[in-house]
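Two complexes are shown next, each including chain A; its partner changes from chain B in the first to chain C in the second.
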Partner chain A sequence: MATDALRAQVAAKWQESFTRLNQNEPGIVGLLNFSQAWNIARECIRPRGLDEPDPLTEYDKSTFQASFELLNKCRRLPILLETFLDDMRKRLPVIKEEVDQYTLEYERTSDTSFILNLVFRLLQWYNKWMPRSELGATLQSAFVLSFQTHIFSILTPTFVRGFKELCASTLPPSDPSTSAPEPNIKMWEAFETLGLLDRYENIIASVGYEHIEAHVVSNFAGQWSTSVLGELRKWMTNQVVPWMLLMYGRNATTTDDARAMLQNVGSRFDFHMAKTLCDLRTKEIFDIIIDFPESTGALQDLKECLHRVDQRANLVHTLRKANHKRLLHPGADTRLILTQYVATIKCLRVIDPPGVLLFKVADPIRRYLRERPDTIRCIISNLTGDDDSGDPLVDDSEPIQPLHQTELEEYNDPNWEPEPVDAGPDFRANKPSDIVSTLVSIYDSKDLFVKELQVLLAQRLLSVTDDDSEKVEKERRSIEILKIRFGEAALQACEVMLKDMSDSKRIDGHVQSQNETVLHPTIISKHFWPMLEATEIVMPGQFRTLQEEYAKRYSTFKPDKQLRWLPHLGTVHLELQLEDRTIETNVPPLEAAFIELFSQQNVWTMDKLIDQVGSSVDKAAALKALLTWVDLGVLKEEGNNTFSLLEVADAAGTTPREPRAVANSAMELPSAPSVQQQQAEQMKVYWKFIEGMLTNLGSLPVDRIQNMLKLAPGYDQTVEQLGIFMEAARLEGLVVVRDGIWKLTPK
Partner chain B sequence: MEQITSSLAPPRAPASNKSSQASSSQSGAGSVAKRLGNELMTLMMSSSPGISAFPKSDSNLFDWVGTIEGAPGTVYAGLSFRISIHFPPNYPYVAPTIKFETPCYHPNVDIASGTICLDILQDKWSAVYSVQTILISLQSLLGEPYNASPLNSDAATTWKDQEAQVMRYYRPISEST
Partner chain C sequence: MKVQIKNWHAVAQWRWDSVSDDTNKGDDDEGDVCGICRVPYEGCCPACKVPGDDCPLIWGECSHVFHMHCLLKWIGTAASKQQCPMDRRSWVTAERKIAPAQEPAASADHSRD
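Presenting the complex of A and B:
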């Protein structure tokens, strides 16, 4: 089918090739020469077995050169190269067999020396097959590339494992007492020649990383008292860098060279060291905070590490999680949470002065604290130093400052700095303020604090008995301190309360001077004291007489004022004269009232007793009061809620029974309703408003109600709280809701 | 403390203040609002049966809506009337304007416009009166009309014997109001 043209073309090609190979020799002499030269050249670069002799022993050097030159002239060298590589490929199974053998041995014994031997064996093959350098760089580099490619394809994952282990065995031991193993320079050279260093760079690096990790964790976990970063860097210089030099700096002749070579890898290792330490400290952060201030060193480290590695988000995340798990649960004491919160503030201020981290971590704690009913009480009692349990939250060294108000940003400030980049949208650049301001700012307003403070103060002042002016003085002192923080105006009521105390003393002195009486009342100004629980006991018998006489004298002294007794607060010192014995004791007024009644009649039922002192006394309280007397052996329970007086001590009754609640009940603080109860009281007022607006304006959505309630003085509930309240009102059947519109239940 | 004393202080005499009130109505607005706020508080807390009032919106304290229930034992017993209360800027020196929004067939009430003829809302007004006192007066006016000067003479004549007639013009407050 071939056309003439094609035929002619093939003939021309053939002629051309022939001429090239024949080298213009007559006949086919040139062709024969070429054939010989090809055979010699091929034979001498043929990949041989390790025990075969070197080609130089068979042919002399000039013959080679002549053959290669001839081949070169005929432009057949590329073909020769391909043939060579092909030959090599054919011999590879031999190597593979050996590799398999060695790795198998390693797998069996886990002895890295097999891997080492394998590497050396490979090196032998490599050197054996390496074409002579006279043959040109092209041939050599082609060989290296091809050889390495084939080797890598043969090496199994087992080898990689062994290789890693081998590298690890060259590391300096973390125990400084044993000396480092002798550096095996030959081995590293073999690695390099075979291209293993480049190929397994990651593995070698991971060996280094793991070494660093192990060192950091085993030596520095739980060591928070001092900064360890410097020590760690020194360790790196002394131990890890020499090791790195083996790999990365072998070719360096001068130290400058070495430094340049290590720059890149060194900074990677340093980064890894910082990251490891940072991870470790992040994991320990909760306990570090607990240990503060003994853990300052660790915090310094963490600060520096965070500069180097960007793990801030991780730190926040870890700490929040730890807080959630270990701190913010019902089992933790409020005091404890506060202490930890304060420690957190201090610690994170060390790590991150601008306070972004703190803001992110503190948020859940603050939210949680806001929900705890006793937070305010805890803070206040701590502020006034009235806490027996543990250290005060606030150092005495910290200067007492007025509370900071959140200020608007001052852009004219020449030292103004923008917010840090990772600050959230509602991050407030809170200027470094003192701990107390931070604690108080948990709540939106400090009014709550002031109110709670009043309640606490009231409780404590009322528990002061006469001649105990030292206590009052102590309260005065703590109020003075708090005044600096909260401002004069806020604590005005407290001031009045304290003044009431001293005034009472004065008035009492005056009344006593006219007509001595055993009654020493504390006269308080109703408006300035928190609401006191009003159980109205009507004191019977002599007590009432005493009260009335005192009141009369008081009103002559201060005609414009009137005494309203709160007889349930206070204590009574009694001396009971019974037929066979006298009992002297301090009791609360209810107890005194009951025993007074027993002086009129010897047997009472509890209900009758309660009727006598005014029916506002609940049964539990009455029973407790009666049992106090039973414990003292004055009364005897006859069963059926009937009690009788023991004029003559009961034989059984006088056996000293542990006086149960006497000590306690006398010491118990008079109760003033907490802020929460007062809030419930407040809500009743707001209900009137809601009722009023719903009566007159028909039906309203909750938003409108919320807005309208602003008309009510002091209304500070959120719309959510209002919603809850409305829902409660609905359950009581006061209102109905339809499509979010509330109205009064039709009559 | 200041608040307490100021609220306890007797209201100033209207005569001495009339001139200054006009000129300083701007600054007076705050104190009027304060007084109205106090009155609202008192009214809410007093819980007088059958009377109630509340500002129409939280932004304007000068317009209120009130509700008066007929006192038991009168012909108006069981009925409730809606009224509107508008306070002038110089309240309490001038009486508020009060009208019945619900038509009220009563000798002293104009059934069409709702205007009320009550002495304390006109010439007998005094600054010591408050929303609460007005509402109580209105409630008692329902039961005891002042027949000498009727606005609705028809009602005045039928008052004595045809009590049932009163009911003819009554429409209860509907849901929509």
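Presenting the complex of A and C:
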């Protein structure tokens, strides 16, 4: 129940409102005036259908103004605004229907013109509903805000897609031959008016980005020979910037103005371009490196892009991954890995002269190479230009320098520069050092290289036949080159080896001049050659006679010296005169020895043969030698390890087969054990010590053994190596181990 | 069948004659070393780079053998008193049996069978 007080209050309110609307007019005239003004005002800002006439045609201008002034005086304008917005909301379904219709059409046909038409349609509505400017900015801005809000709420994701496509269609095509579409200024204006530009700025930018990406990828993927960054920038200026002007520089009047407006967005686009190119090149980096030096342009680009975009970590990551996947696996040839490594060095030096990237990328490669047994051989044979496949790792143009020793940083150097910021803690700048130093530094010491070099050289020298002095000359030259790198002292042994070669030739010349013989030995100074595998073969028959005669003459010529034959090395050129045929061939000495034995007796068992040539020949080697002759159709295997001579060619099976095996065995380089085998050989010496130790002291831990072995002359193994050796000895049943304590196997 | 050798490219090592004539343990791989520089005879003395004829041995009457360069250097010092460093007898270089050298060499070869 309303109380009196309430009633009084309502009455007061009512009175107040009434006075406000009535404006002190007599009676309710003011009220009527207000009512009329309200109707006029409301009618003229009412959101109308597109085909309805403009309110101006119904009322003249002064009427409006009067009505609005009246409303203003009565402070009813906010209410009017609210009413207006409310009316608009009520009309919105009409628009929504249209929007849906257009987007549906677009969805059906994927034709962006529907979207364009939709935008224009929206613009029409917008213009139609836009309150007249005389009515004040408040009303207008309220309208704009509300209209846009509603529109945005209506627009579906489909529209956004279409809008994006529409924007993309306005872009200049990346194909320069077709001309750019006529800039549709009206469209952009519509966008602006409807607030679509601000709302969908991201989308428009992404259109630009995607355009740039597409252009970069389609035009420059795989184009590594020249630097494309300049071209790309030109393209940006000519094609993309005008497009950007439509959007971002519409209101610019002067070029300076435009530049200022574009500054921000322009640098964003430029950044994106650099990033796109950088990403592309990063993805391609492995192949770019393969193509080096044809890909220098791409590297230059990458370098510049990396200055602009911080993608260094990404580059390192990608390259490491690519290397891991494509390079560092058992299927890749060591030579290939080396070549790629060298190319990587060169490429990354272009991109990043301080070498931080290189250091990070190279580390896994180097670690992998260290594990490969034939890395040293590859490097050496490449250094000496002994590679069949050409393509030397080191350019001839590069001056040959002595090996660079890693040096401590020189802080007094006025040109000293701190390490780059992204350098890791173990980064070591090996500044100007050449490729070879880098390769050699894969290993901790160059001694390994020198040793391997000796082994290689020995192999090659021993395979040189007498009439082939050119080859020796070639070796001499490459040794001279290597001397510059490794230093004279390191290669002293190689020098002696070469001298042995020429001395042998001289001596042979002398011996031959006195008494011609078919034997032409290479006489070596054994301490300067790598250990050659020693299997003693006693050469039978005429071979032995030849050896003895030659040795005698040698001792006559050099009275203080004797010859000791290494009968398993070298090659023999033989002619076999059989009843129905003669066979001429090159064979290793063991083969020669066997066939000589067959000339004495037609049937041999393998064991007998081995006995005849000294029992140190192992069965596999003997079998191989015999099979060589079987392949040549000279011998026949009778089974049971018995072989017989085929004085007359066997009609059935032994039409001399393709002498494949022979070719191989004759061509095979004389075996010189690799460094590892030599180490094992050395360990055998120390086994004597270990055996003695364990006999005297019972049982010892590996550390004690190591410590005691250190006293032995020339012992240079680590405790790990010793451990491996002991393990090997255990497998052979020589020692047993319990709780890390080693003991001799009880007899 | 007749086997005819057309050409034989063999490999041999040289070693100093006579060092271990007496013992005839020529097959031992580790040759003897010079008593002064401890480098094998078939190596070269520390001052040389090339072994063999450029760094020959010298034989003493006392049966000790050294690199010639090593010994001459020793003899050159005042402390040596011209004595063999091994046995302190005065050094007398042995006459080398140059002419008949081939006989023992050849027989040594035979006896190695």
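Things worth noting here:
Here, the second predicted complex is superposed on the first by the 527 of 747 C-alpha atoms of A that agree within 3 Å, B and C clash if a C-alpha of one lies under 4 Å from a C-alpha of the other, contacts with A are read in each partner's own complex, and residues count from 1 in each chain.
One rule holds in what follows: a residue touches a chain if its C-beta (ideal position, glycine included) is under 8 Å from a C-beta of that chain, and two chains touch if they have at least 3 such contacts.
Keep in mind that this is a model prediction, so the values were computed, not measured.
In the superposed pair of complexes, A:Met708 makes contact with chain B only, with no contact to chain C. Of the two partner chains placed by superposition, only chain C is touched by A:Pro521; chain B is not.
By the touch criterion defined above, A:Lys552 reaches chain C but does not reach chain B. By the touch criterion defined above, A:Asp301 reaches neither chain B nor chain C. In the superposed model, C is the one of chain B and chain C that contacts more residues of chain A. When the two structures are aligned on the shared chain, A:Lys688 is found in touch with chain B, with no touch to chain C.
By the touch criterion defined above, A:Gly698 lies against chain B but remains apart from chain C after alignment on the C-alpha atoms of chain A. Residue overlap on chain A between its contacts with chain B in one complex and with chain C in the other: 527.
Chain C contributes residues 1-18, 26, 29, 40, 42-43, 49-53, 56-57, 96, 98, 101-102, 105-106, 108-110 to its touches with chain A in the complex.
Residue ranges of chain A in contact with chain C, taken from their complex: 462, 465-466, 492, 495-496, 499, 503, 518-528, 532, 534, 541-543, 546-548, 551-552, 554-556, 558-567, 569-579, 584, 589, 592, 595-596, 598-599, 645, 647, 670.
Of all residues in chain B, those touching chain A in their complex are 4, 37, 40-41, 43-45, 47, 52-58, 61, 64-67, 82, 175, 177. Taken together, the chain A residues at the contact with chain B in this complex read 527, 685, 688-689, 691-693, 695-699, 707-708, 710-713.
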